[in-house]
Each structure stands twice: as C-alpha cells, then as structure tokens.
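Here is the structure we will look at, set down as structure tokens.
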Amino acid sequence: MLTMKVKLITIIAEAVLEERLVRDLRAAGAKGFTRSEVRGEGSRGRRVGDVEGANVRLESLVSPEAADRILETLNENYFEHYAIVAFVEDVTVVRGDKYV
Amino acid sequence: MDLIQTNLLTPMVLAFVLGGIGARVGSDLKLPDAFYATLSIYLVFAIGLKGGVALSESSLSEIATPSLGVLLLGGLTPLWCFAILRRCGRFGVPDAAAIAAHYGSISIVTFIAGISYLDTLGVSYEGFLPAFAALLEIPGILVALVLAQRGMDGGRGLGEGIRETLTGRSILLLAGGLVIGLLSGPAGLDKVSPFFVDPFQGALTLFLLEMGRVAAGRLEDLRQSGAFLLAFAIIVPVLQGLLGVVVGAATGLSAGGSFALGLLSASGSYIAAPAAVRLAIPSANPSLYLTPVLAITFPFNLTVGIPLFYGFAQWWVQ
Amino acid sequence: MDLIQTNLLTPMVLAFVLGGIGARVGSDLKLPDAFYATLSIYLVFAIGLKGGVALSESSLSEIATPSLGVLLLGGLTPLWCFAILRRCGRFGVPDAAAIAAHYGSISIVTFIAGISYLDTLGVSYEGFLPAFAALLEIPGILVALVLAQRGMDGGRGLGEGIRETLTGRSILLLAGGLVIGLLSGPAGLDKVSPFFVDPFQGALTLFLLEMGRVAAGRLEDLRQSGAFLLAFAIIVPVLQGLLGVVVGAATGLSAGGSFALGLLSASGSYIAAPAAVRLAIPSANPSLYLTPVLAITFPFNLTVGIPLFYGFAQWWVQ
Amino acid sequence: MDLIQTNLLTPMVLAFVLGGIGARVGSDLKLPDAFYATLSIYLVFAIGLKGGVALSESSLSEIATPSLGVLLLGGLTPLWCFAILRRCGRFGVPDAAAIAAHYGSISIVTFIAGISYLDTLGVSYEGFLPAFAALLEIPGILVALVLAQRGMDGGRGLGEGIRETLTGRSILLLAGGLVIGLLSGPAGLDKVSPFFVDPFQGALTLFLLEMGRVAAGRLEDLRQSGAFLLAFAIIVPVLQGLLGVVVGAATGLSAGGSFALGLLSASGSYIAAPAAVRLAIPSANPSLYLTPVLAITFPFNLTVGIPLFYGFAQWWVQ
Amino acid sequence: MLTMKVKLITIIAEAVLEERLVRDLRAAGAKGFTRSEVRGEGSRGRRVGDVEGANVRLESLVSPEAADRILETLNENYFEHYAIVAFVEDVTVVRGDKYV
Amino acid sequence: MLTMKVKLITIIAEAVLEERLVRDLRAAGAKGFTRSEVRGEGSRGRRVGDVEGANVRLESLVSPEAADRILETLNENYFEHYAIVAFVEDVTVVRGDKYV
C-alpha cells in the first residue's frame, strides 16, 4: 500500500462566500472538496452569518503548490473584508495521485 | 389605538417578543437552522401561491397602473436614501449604498404580517399584491449596487451581486409560487390549502419566534450604528410607508391594497439584500446595514408600522 | 380494561412501539435531529398556548389552592425519592440526588399524551393545567441539586445547574406560550389553531415514533441499572401518580384535572433534568438516571399509567 | 387530453417543474436535507396509515387474488428487464442487474401522486393499495441482486444488500403505518388526520419541489447513459404500466385500483433500490441506474404516465 | 499533564457506507469515533449521495498500527468502487492510552 | 505572503458542555472558534447525548501556550466525568497574528 503526503487545506468562512470559494478552489487545482455547515465566532464578531444562519467549512486535499495558490487567493480577495479563516496541514493518504 | 391593540396582542407579535426575551436571558430557544430555512421557503412559496390564484382572477388593466407606481417607487427609494445617508449621515459610498439597498428592497415577512393583519380585520385587498412584493424586491438592490460602483474599483462584485439578486431563493419561490397559483387556479389551491393556507399564521408565529431571537442578538451592535442610523431606521420607514400608501391610492388601489404597498415600501430587506450587498460591496460594514433593518425597522413595522399605515390608508383613501 | 385499550391502540402509542421495533431491527427510522428539536419546540409551545387561552378564562381563586398543592408535591418528591435511593438502594449521594431530580421533575410529553387521552374520551379538565406542568418542572430539580451539594466540593456546578434549569428551553417555551395564550385569548388562538391545535396529535405521533427509537436504544443499559432501579422506575411512578390524584382532588380539581396532576407527578423528566444534572452533578452516572426514566417509566406511563391513573381518578373523585 | 391537463396543472407537478428550473438557473432552492428526510418519512408513514385504516375495512378474500398478481409482477419484472438490458443493451451483468433492480422495485412518491390524482378526479379505488406498494418494493430488488450474484465473487455484498432492503426505512414505515392504521382504525385516524391526511397534498408539493431540483441535477449525466437507456426509461415503464393495469383488472381490481397497480409497476425505485444496489453491486455504475429512473422515468410517469395509465385503465376495465 | 502522539484518521465517504465503515473501524481497533454529515464533490463526480442527501465524515483517534490497518482495509474494499477519501495525520492528546 | 505555524485544537464533547467549553476557550486566550454538530461513540459508551441529540465539535486556532492551557483545563475539569476528547495539531496559517 503506497502512501503519500499531501496538504489538507481547511477554509471556514461566512456562508455567502461558499460558491465563490468553491470556484477558487477548483481554479487553484483542487480535484475535490468537502463542505459542511458550522457556526463560529471570530475576532471580527458576528457577521452576515447571523441571518443566513451559518458559516461554511470547506476542506480539500491538494498538492503543496495548490495549497499555496489557494492561500494566496484568499489573502488577496477575502481576508480583509470577510469573516474567514484558513489553515493548511500535512496529511498522509493512499493513492495520493488522485489529489495532486 | 384599537388598531394597535389588534395588532400587538396577536400570537405572531407576542412570539417575536418571546424570542427576543429568550435571547436576552441566554436561553437556547433557537429553532434549528434547517427548520428556519424550511419555514421561510414555506412562507414565501405559500404567499406566492395564494397571490397567483388571486392574480388568475384579476384583469391586466387592474394591474398595469399600480405596477408602474411600484416600479417607480422601487427605483427611486435607494436614490434618496443614498443621498440622505451621504449628505446628512456623512457615510462613505460603500456604506451608504449598502444601507440604501436594504431600504430600497422589501421584507417579505413584514408584508406577510400585514396581510395577516388585513385578514384578521376582514379587510379586502387586491389579490395580486404578492406580485408587487416580488416586483419591489429587486430594483432597489440593483440601483444601490450601481450607486456603489462609482466608489469602487472591481467589476466582479457588481455582476455577481446582480446575479445573486436575480436568482435569489426568495424571488424564485415567490415568482414560482405566483406562476403555479396562476396556472393551477382555485381548484389547485383547494387541494393544498390545508397545508399552505390554513396553518399559515401558525407557521408565521414560529418563524417570528426565531426572528425575535435574531433581532435581539443584533441589539448589541446598535451602539456601533450611531444615533443618526437609529433615527434613519424609524423616520425613513414612516415616510416611505406614507408615500407608499399615497402612491397606492393614486394608482387606484383599495385602502387595503394601499396599506400593503405602504408597508412594503416601509420595510427593509434582511434576506436578499444582505447576501447581494455582502458579495458586491465587501467593504461596507454589515453592522451598519443589517442592524438597523433587523433590530429597529423590522420590529417597528411589525408593532407600530402596521396599524399606523393602515390607519393612514383608511383615512387617505376616501 | 377498556380504558387501557382506548389508550393502547392509538396511533401515538403504536408509533412509539414502531419506533422501538425499528431500533431493534437496526433500521434507520431516525427523524433528523433538527426535526426532533423542532417538534419538541412545537409541542411544548402549543400546549402552553392552549393552556394560556384556557387560563385567560379561569379565575385566580380556582387556581390558588391547587397551585399550593402542586408546589408542595414538587418540593417533597425528590426528598423521599432521595431517601429511598440512599437507604434501600444504597446509592451514593450523587447518583441518588441525580435520580431524585429526574423523578421530582416532570415529562411534558407524558402530560401531553394524557391530555390527548382526555380529549379522546371527551372528559373535561381545568384549562390551566399546563401552568402546573411549568410549575412542577423546576422545583424537583432544584431540591435535588441542593441535596447533591452536601456530598460535593465545587460550587460552580450548582449555580450553573440552577441557571440552566431556570432558562431551559422547555420552561421558557411553556411559560412563554402560556403568557401569549393569556394575552391573545381565544381570538388569537383561532388564527393559529390550524397550526397549533388541529395537527397536534399527529405531530405527537411522529414525535413518539422517535421517542420509541431513543427509549429502545437505552434498553441495553438496563442491566447496568440493576433490579432495584427497575422496580423503583415502576413502583415510584405508581405511588406518585396515586398521590398526585389525591392531592389534585383534595385541592379541588375535577377528575380529569386530578388525573393529569397524578400523571405529571408520576412522570420523570428526560429533557430538563438530564441537562441540569449533567452539569451540576458530573460524577453521577447518566445510565443510572436516564435509562430508568426513558426506558421504563416513560413507556410505562404511556401505556399503563395513563389508564391506571385515570381509572383511579374517576373512582376517587366522587 | 383533458386527463393530462387535470394532472399537469396541479401545484404538485408544477412545483416539480419549478424545482427543476431553480436548479437550472443555479438558484439555491434546496430544501434542507433534514426537512427532505422528514417529508419523506411523513409521506410514507401517512400513506401507510391511510392504507391500514382502509385495510381494516377490507376482507381477506378481496385481497388474496390481487396480492398473488402483485407478487408475480414484482418477481418477473427484473427478469425480463435484465434480459433486455443484457441482450439488446449489451450491458454487463452488474449494470444490467442494477438497473433491473430499480425497475423491478417501485417509487412510492409516484404512487402517492397517482393516488392524489384519483382523489382529485373523485375516482374510488381499493383502500388496501398501499399494502401492494409495500409488497412490490422488495421482491424486484431481491431477484435482481440474485441475478447479479452470478457475475460476482464476494458473498458479503448480497447478504448485506438483502438486509438493507428488508430493514429499509421506507418499507418499515409503510408497513408500520399499515399496521398502525389497521389496529387503530378510523377512530385513530380521525385524531391524526389534520396532520397526516389534510395537509398531505401540500406536503407532497414541497417534496416535489425538491425532487425537481434533484432530478434536474441528474440531467447532465444523461449523455453518459446513452440512447438505449433513454429509450428503455420510457418504453419499459409504458409496457409495465399497461401490463400492471391488465394484471390488476384480471385479479379483480377496480379501474382506479388497476390504474394504481399499473403506475406502481411503471415506476422505478430511487430510494430503496439505490441503497441496496450500491452496497451489493459496488461495480455497477450509479449514473447508469440512477439517472434514467430519476431524470426520465419519474418525470415521465408524473406527467404523462399518470393520465396515460388512467385512460387505459378506464377503457380496459369495462 | 502527560501528552502523547496518536494518529487521527478522517474518512469521507458516500453515506450508504456509514455502517460498514464503522464496523471496519472497530474491527481495526478504533476505540471510538465521531461522525458528521457533509456534502462533497470529488474526482468521480456526484454519486448516490445525490439522492440519499449526503456524505458522511468519520474521524477516529487511533494508534499508528490501527491507522495503517484501516487504510489497508479501505484500499482493498472501497477505494476502487466507492466515493471515498481518507487521510491520516499526527495529533497530540492527553491521556493517550484511551485511544491505542 | 507571510505564513506562520499555529496550533489547531479540536474538542469533541457532549453537547451539554458547549457553553462551558466556549467560555473556557476564551478564558485560555482563544480569539475565535468554530462549532459543528457531530455524533459519536467512545470508550465510555453513549451518554446524555442520546436524548439531547448530539455532541459538539469545537475547533480553535490558538498559540501553543493557549493550546496547553486548554488541554490543562480539560484535563482538570472534564476528562474524568464527561464524554469528551481533544487533540492538538500543527497547522500553517496566513496572518497568524490574528490567532495568537
């Protein structure tokens, strides 16, 4: 069984951004992703999420380069104005060529 | 005074208050998000359906003149809101445009509460009014987004905001409900009225319980909005409401219909507008546009606005 | 015998059984959590609303004496439960207090099933009974938490447990529903009864389907609770039920009302009490307090308790 | 033609179309998953309940002959579907068996829509028909799984697939509802009919709104399925539908009953079968079995099939 | 306070597999697990999940050996035919003997 | 784009603890957190969660010191009596000063 190291990027953001972020993920080279509904509180206090109900949590297994590209995009387009956090970690997968 | 009482001591308004109290004492009176979303789908679709059936019994000529009035109202409201916010309130372009979008658009729940009020009083109104709610929801937002554009660089935001607005769930459900009601007519409505008509006010009660919780949660942000915005959130709806009644009467609506149009104009959007504005005007501060609409204007209309505009409509339309 | 049959072969009780069977055969008959939460909000608020409207038609003097009886019952039940559990059951202080809290408090769903039973039989009862359910829910928990305190060190638990209990959702909804019913009166109820009154028993049926699943899932833990607790979970409700009927009759309630008070006393809490106890008495074992209440007492009351207490109330109140 | 119109311009069918349009224009008209699951529990349980009450008023002799016909139909359908798919469609064993399982089983929602259609027309039918829906759901799946086994190695899949099928939620709810209806009878149904009977068609409307969205989402996969499967997804239901009507009439059902049996045979499963097939025949391609059933057969039956089979049943049964 | 390194394995799969995967987790030695409902898109496009509504996300804290065994099982029985991804990472826990 | 390493602490616990844990997180210096609803089974079997419906999953990006403080608090106040697990891992974030 061949294992491989890839990056897991997790994005938590106000729900209104969901479709945009999905498009950005794809554009940066993510082959897949998983979404779930979460609620959160952050440094900038409650946001639009209050009415719309929720934040969205996106996680995607990607190559290190894709992870960097995504962080870059988030940094440029979202971090300033939107309620959003993102973090990257190393994970081990089987059949890693599926993700990179 | 009696009009107010008829309105205040209803399960709907009281449930709104209960929800607010629950939030204040830190209780977990929260409806599950899934149910809240479902209720809002239900309410909007049901009002569309009923409107559609009524529309199927109206003639085009009845509708044409008031429709013009409605569109004019929708397009102009954000303009003068924007001007006031810029001049008197000294807000920046993004924030002014964002707030203008909210007051230019409408709150379908406020409208529903007003219709329930008429039903309770046994006052008749034009059945095609829900179509006006659909008509009034969008232009206000669009005009405001265009206003915002002048103070911004990117073009991505505007396009997306407009798309968001046009394909938004509440519009599609309201319009879809209207068309379905129109096509299936009274016979179709009969089959589904034990689901969409009879339990309607009860479902609204539960919805307002949750709205009360959400609105109360916003109260803390009031300080941030400042005194000007507080005043704005009451005075503008009152003016808009009176204006709406006058426009309604001028274009031939009944007292009930003029009241409903007034209430629509007085109401501010807290579903369609926030989503569109958030995407199209990211630099606008959500506390500035959401808090006044939700924590001031909505409760104000629900409690004072409804009887006020109804009283005025009765007096004016004679 | 006939009373039992009237009770057993209802969609509600049968749905409870179906839910249990589903869980046993490993089927995924589970209602989504969100819907379960919504149903419980709906049921509690609806019963409060109806109670409030009835209350608006009652006089204070009718209510005063039975209220005293109810409060006494609520305060004393945990004391003697605690004593029995300590002396005869040889339970430690935390576990004994935890169990006492559950039997000192009440199950609103059991109460609702009892009221439905009366409605089916066409038996009348005091409309203000839901107010008693609210009154009886809290004191039993509070007394038990104080009892537990004697065997514990920290003070954080008790305070938090009490706060939790007082701001708990079911109390707030029940009390809120009562007040809303009181203020909006029969005219208010009329508007929302196609939502809160007519479909009530059907909604309860779906709720009990889920309760059956949950209770059946607890059955495995029964071994852990031991024979003493099994006996306790049947004998204590029977005694409490008879006592409640007697207290009800003594304070002037009708046969229907005495039955309902008996059923309330016989029932054990599985919503408010577990949450409060879990926070305030962390060292108590949840299997010991939750399993008997949910897997024994609740089904027992639903099937045998209701007709038993009703038969007794009929015989006693004459 | 008039029959079609009666069927097409109902809120249910129109809501299905609206859901599809919503998905096409990229709107978020999605019902929360929790509510969708709840609605399907509600619909299946309600139809079982009504069926059970009707069953309690039927005699065994009425039911015996048609039951035999139903079982035969259920067992044979997958056999000839499998043969056609293998011979004419050149599908591999897993895919052929998977598709056969879906057309061998039934769609309870299609059935419910057909019953609503009869109710609208005021046409009577045998009350025990929902029992047939339960009877027809399983054998088709089982036969197809056995067929698949011949082309596979593992044994784990089949056993699990069969268990899944038998303890599946929809069967248990339908059968459970039937038994509860049978035991509690008309008096029991009376208590819960404002919840389970009156709002039924409205709830179905909301459900179909969501179904439309899901079916439209599948449309993209149609290319993958190929022309043969497209034709299969219309021709087979038509043949099955006519056959079902003939079998129904031959075993003594009324025109309404024969129509319902035909519609059941014509419908393909998209809840029980996919789950069972996914576990038991992992190598079958879900796009091949799910897309035709959901995106072709279901809408076809809903719009054309219902009036077609009804017209045929009327003409044949005389 | 004694901390310890254990493995966190996360599995995201079409919901129909839920009960099987839970059994496999237990069989491989997992002492506990946590499930949540998620939605996802992957390389193989939408799946049965479309109708059934959702994917399931399972996460379990396990020993390194158990993590390997689970990956092995997934690799043999699921990766080929089912919509499923899995990844393993290192995490620090207190009272780690509970998980291994 | 400046990245930085911070700690991600994830707590899974019976729902009744939610508000307490949130307060503890804040007290230990967490600037934000994200919650979601999960279901779980653990070494101590099903718990109160059975009725209340669910466990809660809290995740928070924090400084290493805060992560330690939180684990310490959980260890002292919860691990013995409550159904709860917690784990800490290293993640990379952009604009990390927001979290520490």
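Brief remarks on what is shown
Each chain gets a letter, A, B, C, D, E and F, in the order it is written, and its residues are counted from 1.
Simple rule for what comes next: a residue touches a chain if its C-beta (ideal position, glycine included) is under 8 Å from a C-beta of that chain, and two chains touch if they have at least 3 such contacts.
Computed from a predicted structure; not experimentally measured.
Touch-path distance (fewest steps) from chain D to chain F is 2. If you take chain A and chain D together, the chains in touch with both are B, E. Summarising the inter-chain layout, the chain whose CA centre lies farthest from the centre of chain C is A.
The geometric centre of chain D is 34 Å away from that of chain E, both derived from CA atoms.
With centres set at the average Cα position, the gap from chain B to chain D is 41 Å. Each chain gets a centre from the mean of its Cα atoms; for chain E and chain F, those two points are 20 Å apart.
Annotation for chain E: residues touching 2 or more other chains are 36-37, 89.
Multi-chain contact residues of chain C, defined as those touching 2 or more other chains: 32-35, 37, 194, 199. If you check each pair of chains against the touch rule, the ones that pass are A-B, A-E, A-F, B-C, B-D, C-D, C-F, D-E, E-F.
Within the complex formed with chain F, the chain C residues making contact are 33, 36-37, 160, 214, 217-218, 221, 270-271, 274-275, 278-279, 282-283, 286-287, 290, 294.
Chain contact summary for the complex, chain E toward chain D: residues 14, 16-17, 20, 37, 45-48, 50-54, 80-82. Those residues of chain C lying in contact with chain D across their complex are 9-11, 14-15, 18, 21-22, 25-29, 31-35, 116, 120, 194, 198-203, 205-206, 209.
Chain contact summary for the complex, chain C toward chain B: residues 32-35, 37-38, 41-42, 45, 49, 167-169, 172-173, 176, 179-181, 183-185, 188-189, 191-196, 199.
Against chain A, the residues of chain E that register as touching in their complex are 10, 12, 36-43, 55, 57, 68, 71-72, 74-75, 79, 85-89.
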